[in-house]
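So that you can tell them apart, the chains are marked A, B, C and D in the order they are listed, and the count of residues begins at 1 in each.
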Amino acid sequence: MAIHYRRIADYLRSALAGRGPEQLARLQPRHDAPPRRVPGGSALTEESIEARWALPGLPGSSRAQLADERTMGERDAYARNIENFIGTVRVPVGLAGPLRVNGAHALGDYYVPLATTEAALVASYSRGALLITEAGGCACAVLNEGVTRAPGFAFATLGESVAFVAWASMSFAALKEAAGKTTRHGELVDMQLTVEGNHVHVQLEFMTGDAAGQNMVTIATEAICAYMVEHSPVHPRYWFVEANMSGDKKATTHSFMTVRGKKVSAEVVVPAALIEGRLHTTARAMADYARMSVLGGVMSGSIGVQGHYANGLAALFIACGQDAACVAEAAVGVTRFETRDDGGLYAAVTLPNLIVGTVGGGTQLPTQRACLEILGLAGSGHARAFSEVAAGLALAGELSIIGALTAGHFTRAHQRLARGTSASPRPA
Amino acid sequence: MAIHYRRIADYLRSALAGRGPEQLARLQPRHDAPPRRVPGGSALTEESIEARWALPGLPGSSRAQLADERTMGERDAYARNIENFIGTVRVPVGLAGPLRVNGAHALGDYYVPLATTEAALVASYSRGALLITEAGGCACAVLNEGVTRAPGFAFATLGESVAFVAWASMSFAALKEAAGKTTRHGELVDMQLTVEGNHVHVQLEFMTGDAAGQNMVTIATEAICAYMVEHSPVHPRYWFVEANMSGDKKATTHSFMTVRGKKVSAEVVVPAALIEGRLHTTARAMADYARMSVLGGVMSGSIGVQGHYANGLAALFIACGQDAACVAEAAVGVTRFETRDDGGLYAAVTLPNLIVGTVGGGTQLPTQRACLEILGLAGSGHARAFSEVAAGLALAGELSIIGALTAGHFTRAHQRLARGTSASPRPA
Amino acid sequence: MAIHYRRIADYLRSALAGRGPEQLARLQPRHDAPPRRVPGGSALTEESIEARWALPGLPGSSRAQLADERTMGERDAYARNIENFIGTVRVPVGLAGPLRVNGAHALGDYYVPLATTEAALVASYSRGALLITEAGGCACAVLNEGVTRAPGFAFATLGESVAFVAWASMSFAALKEAAGKTTRHGELVDMQLTVEGNHVHVQLEFMTGDAAGQNMVTIATEAICAYMVEHSPVHPRYWFVEANMSGDKKATTHSFMTVRGKKVSAEVVVPAALIEGRLHTTARAMADYARMSVLGGVMSGSIGVQGHYANGLAALFIACGQDAACVAEAAVGVTRFETRDDGGLYAAVTLPNLIVGTVGGGTQLPTQRACLEILGLAGSGHARAFSEVAAGLALAGELSIIGALTAGHFTRAHQRLARGTSASPRPA
Amino acid sequence: MAIHYRRIADYLRSALAGRGPEQLARLQPRHDAPPRRVPGGSALTEESIEARWALPGLPGSSRAQLADERTMGERDAYARNIENFIGTVRVPVGLAGPLRVNGAHALGDYYVPLATTEAALVASYSRGALLITEAGGCACAVLNEGVTRAPGFAFATLGESVAFVAWASMSFAALKEAAGKTTRHGELVDMQLTVEGNHVHVQLEFMTGDAAGQNMVTIATEAICAYMVEHSPVHPRYWFVEANMSGDKKATTHSFMTVRGKKVSAEVVVPAALIEGRLHTTARAMADYARMSVLGGVMSGSIGVQGHYANGLAALFIACGQDAACVAEAAVGVTRFETRDDGGLYAAVTLPNLIVGTVGGGTQLPTQRACLEILGLAGSGHARAFSEVAAGLALAGELSIIGALTAGHFTRAHQRLARGTSASPRPA
């Protein structure tokens, strides 16, 4: 977050536009009465919605857009997904594909719905998907799964930490049982213990069936903590159900190195003719790019090295009722490109943090379920297949963008400059 | 991504359900003819949409949801934002607030529209916003801004790398001029050069006005590269307009340490009475949490340390037509809590990677613009204020969740277990 | 490694001193005959040493220093530790302490030998050690141990990777047996498997008795690899006994998050009176420092957060015949300071990567063994105790430096400026 | 630092050997009188040394080794480098080379003295050095230099932080002047400012001439802080001369991404015949290794990606009187290997954190200066050349180890298992 002194001097001058000190005076607390709070909580009645739109300053034109007739008609569908409801935003959806997936769980040719407001995104992913499909599809496999919650316990001394850990490490079966009382779908499957002086962090890893499962694991973890506090031979001074070691809603090296949600690999071998015919480049150029780009990632301190998983994942997540905040944790992994002796390209992606589900969360909402049904993956029994499609999609995006970056960029650049526009995919 | 040998043995047994080898046989390429590609590109005519829905396997029920009348009626509005259009998904929106912001650019009490499918999210952020407002509001300041694109150049030798860098470092004015010919709103404001053997990476930093600006900087960078290739005393063997050092669409330590989009800090001092009355906890408990949680973040290898910026940012971004994929890069930063001698709490967040805009991208779409208008921040001149509101929102979320984590969690846990439900915010 | 364009322009101008292009011409290969290679390999005869000193350009004065009489007399002692031997360097040793350690393995008051050429280092560590001792000593506990080697296997396809992992995950006992045939002291105790497309990385974790054990684990790993290649149902295209996932000789987040060598925590509670009397500061000031400094570490992207473990560890390692290159991996961890209600200070350090041993490597050399004997920790049965002393030493160093940084620095700074010198510890 | 629950259960059982609870009882403070502190401070008189050896428990045999006649005779040489002096340790030195360096500053064929206790290290580096030399030498260039110290200032509010930064960013000339009064050799050359709520971190970057310069920059920074506190329009509540953003004595992503000490790149092209003849492998196998190994580094979360810089650097630093603790920060960087169309190998290393000097610190000690004189690089005017030799040495080590890892390892492994020994280099 460091800023070069010359840059900040310039910036503050420009951003504060000469207003300097007075501008900073605005940063003081103001204690005049604020307008009233948003009324109504999780109520979805017409009145409660009306009351919200009556708050000071909300434009009637906004209401006409968000609280349209269709939305108002189906508003009960949102009862378990939102509070202080005022309507819906409409996000445009494009179809990419078909994407042929040869997965341990997903097997088929998928038209993938992507909800995005960014031009060229669907076109670029679709191009990659078609390339994969023409190459015979991508192999995909879920390699592990688990969702972590990580309570923290503060003891008086290191000795107590060690005593607690010794006890906990031998109490796994009891903890699993305590968790099992809170959920039918969740199951405690693993545990890691971290002593840091008189603090102990516990990473509890759960299987969550076809749900993303973040609430499920919180409730189960509370039950485990209750059991621990009751039965441990030493008692914590204080403790928290989560002490920031779970990787929830953030990219972390720990989640990257283990698993969060599903870990999936996808690979494809693209023949030389397809690379030339469809991407107008060569496997060698793409491998040259990959070598430079991996080090670019290393030198910019990314977690893993990849191109732009976030683009496809965000669009897929919004379309299919996934938790869009999980893009923060899901968009990490490793992309690898290698040349083959016959001029073909080996390409693989590995995404260890795909927090996805096909039941629960937003998956039941009208349009979101409709998108899952386009994939044929709505409801129970489909979460693993969905994660394999997501990995295949990420692979498609990497192929397309690296193809674009290595194909005739120089000429194209000139053309663009001339025309001021371009239909071909760009780093988005 | 490493998996413990016992865990993977268990997992593969369970995931492959005893099918073992046969299951792996599915990972082979299949060369039977795939179904046809999605037709029509960026066309938004009724016919093109019809043709897409006629693809094999797309359910009519999905069409009824996505291609509803309103969507079809306004479909031309999506022309510059999507390809292979088939309709829209509706994401529910809740209002949080009011959130009082005392910013260098944003000054007012904001009702913040949040689009999410995750229960409790709006309630939790709204609780935090009200707390801030009752405390007099949060001070906010944009501290820097810039969007980077990072071309890479491969030379024959280290000597050529050095010669190129020597030339480039003295050609800033010319590069700025070359960039300036491609954009009215963008401006090259800084440059960093990285020699890695015979490779040179160039980080070009642009101001982008009120737009998020990612396309703008790509076009400007192509112009700069064209200039470099033409005028440099040494010629690259190959080069790419982006070699993965820009931090685009990913969390990177480099972006965290510098800026990507806007860098904003927000702070508030919450009196003891409010902490007790509204959060049912104390500043000391929250600071104890913060100390443990910062180290939890460190021990899980996060970039920066914070709780769950991604939740609020994703919901705000979707509501307001921001690029949702940028959650991957935006959701990093530093949260700090300190006790005050009078029992109050000092809380601050700093988010260095807020890629946001109030013009361009999805900000012009019907419902997205409606959300910006709720904030009073649609269109030119509002990007900095919007980023300050985003930082204030992140602060609200941190206060609410840490409040929840430190307040009577144990009892509450029991109640929840009994009732199987809870209205109070949980780590989401 | 990025450099600001203005800075590199300045730097190249100054460093190349106007010689510019000609200077770069020096970066070309030169093919004239080089002088002869260093003769004699691992021979330690007088003739072989003589022959080395007869190489062109070696000063006689250097020989007089390095190949002194004592060194020449004991040269056979170095037979298993060096090649191309020409003598010894003498590194000065100071004693710190006594350091009272109340450890699970180390229990006593230790005078700690530190070999360093950096002024103030021994004084600073000794001050911290005395403080700990006056406070009743530090609690220490080894929490885990293990040394990893990480072979990598390249297969044809992802399917083969999965098949290999499925097989390997069920073959632990056989792998352990294969390893066991190569070593009496080493034991395979754990294994992690990472699939990345058609690559599989295997992290093998060994216990190594009282030796640091890096060679031992390499030999055992070769045996495991041989077994794998012979018995696996699928055969790698190629493989390597180490593919850079072991953390050997480098700071990695993986090693920080697990263990490399020994993981040890040490803690102490220092009463207010001692903090004032010995450090001339307060627990509160030290905790204020810690809070800022933890975030300083986070914002500089360190692995873990600590002050200067490397100083004490490097000096201890050189004195005691440890592998000094392991400072790169050992000098990571977490330091935590908290105030107590009575004005005391709780301080803890946790070092997860202490690669140390009391047998093998340099521990048998004359002066190095003499240093281990000062500690009473030479030879078998002492490695865990040695690691606890190392952690206690690190704690001493953190207390001393943070004490110095928080105590009257401002006044002292002025005095120093006046006198141009200072006896008090500075960040070294 | 997390430990799998089964592993810790096993480990605690084994490490505590069934003593369990009693063992933990040892972790209590003990308040019996400790033995006396080490007497004499920085005195080097015979009496003071005598007094130290008279401490309880120090073996006479240790004294005979450390306080040998030569050491006692030259003890005054150590006056500015050690406190509580009791003698010296002798570290064996081997010569590697010759290493041909074609650098911007170093130009010649160097015999490189390496002090280590690790078998095979000198042999391996020497093998790599000879390979480089036969290939015509390595090109080397210092690309940047600078040593950072990073004070931190705590203000009351964010507004004050911004006001301070605005002032500081326009006061560079005055700060440079304040620093200049404290040192002839040091010069403030750059500054970065980081606002994090009401905290401001300042990264001050200095040129330090031919010294490593860490003390010099501390003193200069104290002068700058004094100036800031006196002249700033807002006054900090407290501040520290270093708040852990300098990267001092630790690997950090910030230092890796910028510079600490010297940033140097070194490269060589090795013809196919040499790779085969000397390393018994091929460029392709080495590039295959590099591709896997780079991702191994990424997946283990290293800072940069490289093999084992620490081995060569630690041995060079100890031999030449550098600060051995700086291995922690110096041993990071990027190694890159590429095949050439003619079967040759392009290899490059880039080390951005070479904290080295040829004056000050340990460089004046008898044997350490003797080692610098072997290189012809003792005293003023040689620091840049020394850093280029260090980078060339790192390159030699990477070539040698990757050669070993890719050459006939399988067969060799069997032979080793049979013979129980090996002369060829292993990952050390």
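As a convention for this text, a contact is a pair of C-beta atoms (placed from the backbone, for glycine too) under 8 Å apart; a residue touches a chain by one contact, two chains touch by 3 or more.
Owing to the predicted nature of the structure, the values given are computational and were not obtained by experimental measurement.
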Co-neighbours of subunit D and subunit B - touch as defined: A, C
Numbering shared by both copies at the subunit C-subunit B contact, with half separating same from different: same
Euclidean distance of C-alpha centroids - subunit B vs subunit C, Å: 38
Chain centre separation in whole Å, for subunit D relative to subunit C (CA means): 10
Set of subunit B residues in contact with two or more other chains: 1-4, 6, 8, 24, 27-28, 104, 139-141, 143, 157-159, 162, 165, 190, 194-196, 199, 201, 245, 253-254, 256-257, 294-295, 297, 299-301, 303, 305, 334, 336, 350
Residues on subunit A engaged by subunit D in the complex (per definition of touch): 1-6, 8-9, 12, 20-21, 24-25, 27-28, 157-159, 162-163, 165-166, 168-170, 172, 190-196, 201, 203, 245, 253-254, 256-257, 291, 294-295, 297-301, 303-305, 334, 336, 338
Subunit B residues touching subunit D - in the complex, by the definition given at the top: 1-2, 4, 6, 104, 139-141, 143, 157-159, 161-162, 165, 195-199, 253-254, 257, 265-267, 299, 301, 334, 336, 346, 348-350
